[in-house]
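Labels A, B, C and D are assigned to the chains in the order they are written; within every chain, residues are numbered from 1.
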Amino acid sequence: MTQENEAKDEWEPKIIGFLCNWCSYTGADLAGTSRLQYPPNIRIIKVMCSGRVNPQFILKAFQEGADGILVSGCHPGDCHYIEGNYHARRKLTLLMDLLDYMGVDSKRFQMSWVSASEGQKFAEVVTTFTNQIKEMGPQTKLRGVK
Amino acid sequence: MAKMIKKDKVRELLDKLANEKFDIFAPIGEDGITLYRKLGAETPLLNFQNSSKPPKEIFFPQTEKMFDITVENHRLVGATEPPMASNPILLFGARPCDMRAMKVLDALFTWDYTDPYYVNKRERSTVISFACTLPDMPRESCFCTSVGGATDSREGADMLWTDIGSEFVVESLTDKGGKILELGGNLFTEATPDMQAKAKQVSQEATEAISRKLDTEGVKEALEATFDNAYWDEFSARCLGCGICTLLCPTCHCFDINDLVVEGKASRERTWDSCQFTYYTIHASNHNPRPVKKHRQRNRIYHKFLYSEKNLGLLGCVGCGRCIYGCPVNIDIIEVVEGAKEVLK
Amino acid sequence: MIDFKALEAEIKATAKKWLESGEVKFVIGYEKSPESPIARPFFAHTPEDTEKLYWGPDCINNLTLYLVEEMKKKPKKGQPPFTHAVGIVVKPCDSRTIVELMKEHMVPRERVKIIGVISEESINPDKLYLALKNVPASQRRNIRFHDAGENFRITYQGGELSVPKKELEADKCKVCVVHKAVIADVFVGTGEIEFKPDDFSDIKELEEMSEEERWKYWEQQMSRCVRCYACRDACPLCYCEECVFDREKPYRWVEKSVQVRENSFYHLVRAMHLAGRCIDCGECQRVCPMEIPIRQLNRFLIKKAKDRFKVFSGMNAEEKPMFGTYDLDDPGEEIK
Amino acid sequence: MSENIYKPHTATITDIQLEAGGARPIRTITMQVDDPEVRPTFFHKPGQFALISSFGTGESVFAIASLPNKDGIVQVSVMKVGNVTSKIHELEIGDKVGVRGPYGNHFPLEEWEGKNIVFIGAGIGISPVRSVYQVALLPEERKKFGNITLIYGARTPADLAFKDEFKELDTRDDMNLWLCIDWKFGPKGPTGESSAEGWPAINMAAPGETVIPEGVNKFTCFVPQLVEVVKPDPENSIVVTCGPPIAIKFITQALEKLGWKSDQIYTTLENRMKCGIGKCGRCNIGDSYVCKHGPVYTHEQVKSLQNEF
């Protein structure tokens, strides 16, 4: 659990994925059953809806050591609960702005719409995002690490 | 006997002391307020209004790690203390009221049981107090003279420096102060009788400038008699329930002990707490002995003027005025206490 | 020019009338303390109490805090719900808080009687202390303000001085867009005041910094926080029964340790909780003993709420809260 | 050895008993301090408390329920209500916990020789009371006292703790045992019959007039009413009571009705504590720190304190 090796070449980013139960989690499942390759850095937390993701969760995950966070839900209009992802969009895009304003690169926090049939897209999103975070290096600011 | 040091030699003295491994804490200006911070190469403030946060945090930090929790076979099994430092600490430029407050903390932290964290730092420390001098001090909320203090109080300090313009008149009060004189060597020179007279005079002027007065006569009787009086509802009605008055108080000492796990490492730490917070006294059963603002404000006042004296033999208020100055809704401790006396009448 | 004495007399008369007729249980207003240069909250319970009511540019507190506190009170088990009304004196900015509270169903319209004072600006206490620096402490009593055009004539025990209004003006007043209460039963004062649209120039400098500079700036500010929670407690919109930062069961969201890690979490979450709700009364920043520029966080979110969702809080009680609704066309180009 | 007063001694859990189920289960945890040199320092007196740490979760205050011993064995009864207590409920035999103490004052048992003692416990308040009656009921101690009466009540039958122990106590002829559960958990309320079979309800309006059927010692009522039913005689007697603040209030009222003087009533108060040694500040009732001046107070002392608990 401790981070003995923070040297950049050995360092592997920790990425937290909040995936909605109905679309993105099923999409991730599909990526798995289709044997699509994507980096293993993502740790997935299933939520019932992307609208369930409280901005607090994102900040807490960053504080606890996440280097990147991905929130993924159904495409606009496809929400299982009709409007959950619209709410998520409002809250979380604003949080992105706020993170930027604090001087924390909001590229560490990404949202995407992935439907249950988009296994391919899920694998792509995770791959691009992981590579992006790898380039950015460890997240230290909100963790309070100097 | 008194010595003096030129103001432009102060930095040189601090450099010398830093070479002697002193950790120096001194007042620094930051975004318009004064704070005691660990001193690097910068020059500390020599003229300043009293700090926003009292220097008690040097000895009793707001957050202090008490133990590392040890892990064996993925189980948390014990507590080990982090090593305690042993180098000397210099608190440079403390105000006399804040040092009188240390007497209260000294008494509390050695009350039957000795607190190792506090006492360790306290024993390592040397304190240079600055007598309050015009124009920065006293502030309009200061009332130290009403509670047994003085603008040039020597209590709790190892040295007292008095600003008389381009130099300080230096008075060493303890062996630790003598050590500083020794280390300073020729930076300290003899103070002329004129300088000493000037030092007396500026302190006198500062004392006269204190406008707030609290008559402590009869306070205890008033508080004892009015505990259940509706008066306490009245004055606490506008209280916000924030922790400013207590967190910024130089004699407040309540703390909380919590275990926390940060990125897989567990530790136990203590942090300041405030009797003004709702959750301060709440039982696990959700019963709260002090459920509303009235109880909590009352507890603060009683603690300062009644309980502290009964338990530790010292008044819990040193008249620094921070709670008056800092209160967003102008709850004025002098007014409150005088009011209680009125109620009794 | 505003005659503060006349406004004060009108406030007193209205409050007295309401208390005499029993329309309101009590009136929340301001009083002057003999010792402090700044007015403080005051509760007039009887018609006689109204004599103590005060008005001046040093009436800074946002009193709606106490309104929501009263509205939250619940009767004892088995008793009928409270229906009494409360009177309150509001500045134009504070009236927006009431609108916001009504939007969130915290204050029923019929339970509040509002005295809306038409005012120009409030003063910043820190600036006032600075202006009074050369007045001996013993004379800083009975401080009263008089409008003298560009200046405030400030009288105190044994003297007076004249200070340009601009030197005392609170920062929040510089960007204010309402000079008349949005909602009120009685308006006190007259006058049309022209206001310029808010261009958010006060946070421009910060926005234009590089990311690293911005973080350095905020890190420095966050390191000072002592977590007295005054910014939360002074905020009329932070009215939760149990604050997430207080609760310990079943999970402690924020540790009590005072360090950038925990402090920034606290301030970010607090800012998010006020996004689209904050009406920029500036109380959080005023009360901060550590001079943390909390308003800059709120201001940024006000700006973003306006830009992104065309939301401007506290103007219309019929609207839905920003996070309680959505628009199909909300921008979301960041979402991949 | 320089002593850090805040440093918990590690101890190993040797036994866990589930005492009561229900919504707020109670477990009795027995532990032994690991360091043989430290063990004798845990010789406590009934009424004192200890701080038990679940490392990584926190520290909480518990009344020591075990008999005084020099083997470093500490037993506490823990009701699952908060973070620390929940964590302690998850621990298993062999797990490590931290212990420090014993702190506080104690019941002056030595002063009570020759007197009758009435023990009254409500809810988890039985735990500190138990530490005293266990001592008083030891064969060599029992001789020193007169009649011993034990009155105990909890919310529901499931919440009654130490059931096995009470079964045994019920058979003892050198003491009287009375039990009750809250009347609101009976099916028909105050005057109806109770759900607990054979636990008759008590006339709540005038409990003193209730006619007790021969041989019945279990009822459906609150503890204060049970006290009025039992009518303990104040002559040459002492009461030891503990429970939630509201229960203590009514128990003392009931006792005063029966002619008890407030200096005959001993109680232990509980307040939230963090340090246990009079520094952290939160446990004060007026100028009295429960951790230092208490937790054992006579009702007379309690009355002289500020009314704030």
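Basically, a residue touches a chain if its C-beta (ideal position, glycine included) is under 8 Å from a C-beta of that chain, and two chains touch if they have at least 3 such contacts.
Model, not experiment: these values are computed from the prediction.
Contacts with chain A and chain C are shared by B. Averaged C-alpha coordinates give centres for chain B and chain C that are 31 Å from one another. Chain geometry summary: the mean Cα position of chain B and that of chain D are 41 Å apart. Centroids built from CA atoms put chain D at 50 Å from chain C.
Touching two or more other chains at once are residues 82 of chain D. Among all residues of chain B, those that touch two or more other chains are 256, 258, 273. Shared interface positions of chain C, defined as residues touching 2 or more other chains, are 248, 252, 259, 261. Taken pair by pair, the chains that touch are A-B, A-C, B-C, B-D, C-D.
Residues of chain A touching chain C in their complex: 55-56, 59-60, 63, 76, 83, 86-87, 89-91, 93-106, 110-113, 125, 141-144. On the side of chain C, the complex with chain A involves touching residues 206-207, 209, 211-219, 244, 253, 259-262, 264-265, 268-269, 271-272, 275, 297, 300-301, 304-305, 308-309, 322-323, 326-328, 330-332, 334-336.
Those residues of chain A whose C-beta lies close enough to touch chain B in the complex are 1-3, 64-65, 143.
Per the touch definition, chain D reaches chain C in the complex via residues 82-83, 86. Those residues of chain B that touch chain D in the complex are listed here as 66-67, 69, 75-79, 81, 108-109, 111-116, 227-228, 253-259, 261, 266, 268, 273, 275, 280-285, 287, 289-290, 295, 299, 302-303, 306-307, 310-311.
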